[in-house]
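Presented sequentially are two complexes of chain A, the first with chain B as partner and the second with chain C.
Moving on to the complex of A and B:
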């Protein structure tokens, strides 16, 4: 245990020192990777631990992005606070969605489809909502205002993203050691046996979705502050959901480090593919999607528990 | 008789099948009651109604003086009735200790306390050596013991055992009988469905016989083996000669 703690602290120290040696371009790649890792960990709370395979987490991501941005533009509320408001809102939407879905005993693949549909509906609504500028999207002005979560340089964004990932890992580890986390696992494994063990499965599933939704919203707010532009086509599409799933499934669902591992791998791969001699952007997009798909299939076939199980296997051997 | 569990006039229909009709019986404090009957007699449906998996179409179920008809299974578990599943439902990816600890968390909120409690239960059912084995790697008898441990860990006053001896070899059946006796001696009432007649006859003070969803007889094991209705429905000619 202390060896693992030492390893963790060494990794943290290395991550904290990275901006000292990395250029702006590489730093951007690191931020993208950390952002992906955070999202994956947030989705993992519901999908990995509690087995609630939501395909609609882009909805919560979008709520986070729009909530902090609108509160800032309309009320002048700093996004540092606005992101918490977004989390509360996303959590409430998640709980409402869960209550509706579980009320009718929608499970498994049907649960996944309903959540996917909910995100699609949200995108349709956002596209037609003038107050949030519909499909045009919202542009934030670049400026130096640390108190309002705006920075001119990349380093502060990097440290915010790193802090979010570290916090999310600690939340995951804490969850694993709590009664709530154990109830999540029981629900994932077998709902009838969980009920027979005294677990209120409806409540556990609702809490899992609400918590995961709230945590996901922070990633949306971060996206808005980092890219300074949000629209239904960037934050309410399937893309964020795909990022969460790829990282989690490849790294190892239901673990605190697997999603980080998978996300960093995929982000690094994306970066490497961009440097291949493609002729235009379209080829880059299609080419990298092909590579992602092949890699995903190979890993899911040969390592169904994700990359994290490689370490466990070697330890057992 | 102080009724820990009381089932009154319970009926349950699945489409065209009347799985249970007008079932009435009770289990007292510190009592071991058996339920026997041929396949499809409604034994497991009865368990599912008592533990809240199904709400009955009519009739009432009372546990510890509370009307629990239509309650969710986890609430009935928390009130004090824990069941095992006929076809074991181990948490495949969780270890034996994790699985049983989830049951212990029912009464003990902190993880350390629940872990200690779960280890004690594993010791009691003879699974302590398997504490770190994942559910999917367990043998049939280990799964039966795990079912029992998980149910026991929730701290029940009534334990409902669904065929815990079925599929076991004779020496294992003896072990299981001794184990259930020890649990009952600790003050837990037991309602037991069993196809292994030796087990149910030796364990139960009283037996309820179900056939086509109806209670056709009730009494001590000795009285039932000579009851012509029971012989015809279930035991068969051979048993009456024995």
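Moving on to the complex of A and C:
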């Protein structure tokens, strides 16, 4: 067994044992960190590996949240299955968006702006769509029904989030070693060279967006089941997109562990700054946000490849 | 250096040990502090409201502590804590858990309906009483929760107060208005205000010709809406808007010389200091609603408002009145429960019977909770603005004046 595998298994064992020692509040903080890590990993598939810097992933996140919720409320379909339906739907929307965008050879910053626009349009539609209750949003009942993905305690949510992150890491590692993953990397590094080498770049980019969109939708469904309330203002805003980008860019884009590292660090830091041992006045809150922002800037300036490059640097040294 | 003898060492050690053992017993004889939490926005879009709620809540706790604490708990002191929601529902949920972990026996918050929906779920799960005083969305009390209580009326009640008053004005002057339009932001409360207005308009016999919502974060120009209402001959325009939007809408009405017979707001921006300061005379004769007024005859209000102003260097407003109100319910219930057990406190809150003015309860017209947690006595006030002041015009028992009817034209 390699040292890396042993380290991974030890980390997994420690993570699996966390609920035994953590209280409900700490467990929520862990769930929030895992959820952020999962989102970052899902966005990383398109932005990190394939270099498709989407700013509209909140759209796919929102589709996941609304699809599993509406299927449950209208058809009684358990969200365990509904989240897969949401993923398929988000994947199809992602593919359709990519086909349209790449058809007109939209790249780089313009691609980012188009995806941002798509998410804005989706929010506008959701705000005015009575069937999904517009801006009022949808409430889910708080109950204990494991078969329907409802729990009163935090532990089951924690294990679901942990399983999602582990699965997403395995998918990322598998992708890195696959032919498709190599196509993604080739597109990211030099699209013209990749095309000259025989890579169907349009297809690779479309698959990257579709796959990333489908994976992102699971995070949206998880949000709905965990917070039991969704509205365009909570799932179709820029906030989830920001979480995905922060974790990925801070941890290291285009790697399987960087987004996890970045998300966990920033979620943990945010949580620690909310937990300062003195009176939580407005000045303290604003001060702690400043510290958060300064740290982010420092990391981005001195570690442009993300925290994951720290390990590589120390190995080189 | 003076040497210590063995006898002295044994004696002092024994004294120290006895002191160590006795100290917890002596401390135990004193009443324990009672932690109360305010989960409000100190940062983000709702920060101004959150800060005012916290100001009032904190002041309430300090005043009770100065008067000797909670008497039924042997003079136990209140220990208020504030936790920032960052104006985000997810953070409100996690902060509620933190408050529970820190031992809060009851919670108030959050001035943001979406955040309150998430926070009250946690409070219900952890069996901690949650009293909200300013959130008006009906969803909050629609879930059959046992630990969630609301003192203020819901948004529909405010819409009814406003439109009923306008109807009375029309009837008493022989100049009735029928054509109604609503223009609200697309927040959870804004959308609820539109739905509520539909129902109330039907009930009161109005003709609702337009019902629009707009995205508050993106809309800077209201000319298209106002032109439409002017063209359609809308006689009454109402809405739930943020202060900056309410200012822009009013200015646009003036610019386009649109003169409805009545213009008013359902809660929100029209009762904010920002609104009257930004518009000065242009805010005159605008109607608005809340569940509190600085000019209402509420026992103890003047003294409390002065103390608030002295401490925070700003006027007490309806949001800070909400903070005092939530605090009053918790203070009264703690005295009656004589216990910090959360379930007993919840039962005491459910049995609340408070009059306005009693124990710093500032909202009208007292509190008596239904099984749903809704306040059966809750009621609102209608105001007209005159020279940057809100003057109560309805209900009759609190009225200080009658609103101008129809609203004077711009420049009149």
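Just so it is clear, the second predicted complex is superposed on the first by the 298 of 317 C-alpha atoms of A that agree within 3 Å, B and C clash if a C-alpha of one lies under 4 Å from a C-alpha of the other, contacts with A are read in each partner's own complex, and residues count from 1 in each chain.
Note that in this section a contact is a pair of C-beta atoms (placed from the backbone, for glycine too) under 8 Å apart; a residue touches a chain by one contact, two chains touch by 3 or more.
Note that the structure is a prediction, hence the values are computed from the model and not measured.
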{"item": "Which of chain B and chain C A:229 touches, first, second, both or neither", "value": "second"}
{"item": "First, second, both or neither for A:36, with chain B first and chain C second", "value": "neither"}
{"item": "First, second, both or neither for A:182, with chain B first and chain C second", "value": "first"}
{"item": "Chain B versus chain C as contact partner of A:199, first or second or both or neither", "value": "first"}
{"item": "Touched chain A residues, chain B compared with chain C", "value": "C"}
{"item": "Touching partner for A:127 - first (chain B), second (chain C), both, neither", "value": "second"}
{"item": "Touching partner for A:190 - first (chain B), second (chain C), both, neither", "value": "first"}
{"item": "First (chain B), second (chain C), both or neither touched by A:213", "value": "neither"}
{"item": "Contacting residues of chain A [partner chain B, same complex]", "value": "177-179, 182-183, 185-186, 189-190, 192-202, 254"}
{"item": "Interfacial residue positions of chain B with respect to chain A in the complex", "value": "51-53, 72-75, 77-78, 82-83, 85, 89-94, 98, 101-103, 105-106, 109-111, 114, 135, 150-151, 153-154"}
{"item": "Complex interface listing, chain A residues touching chain C", "value": "23-25, 28-29, 32, 124, 127-128, 134-137, 139, 141-142, 152, 227-229, 231, 233-234, 239, 271, 274-275, 279-282, 285-286, 289"}
{"item": "Chain C - residues contacting chain A, complex", "value": "42-43, 47, 51, 81-84, 86, 88-91, 93-95, 97-98, 100-101, 114, 117-118, 121, 124-126, 137, 139, 142-143, 186-188, 190-192, 195, 213, 215"}
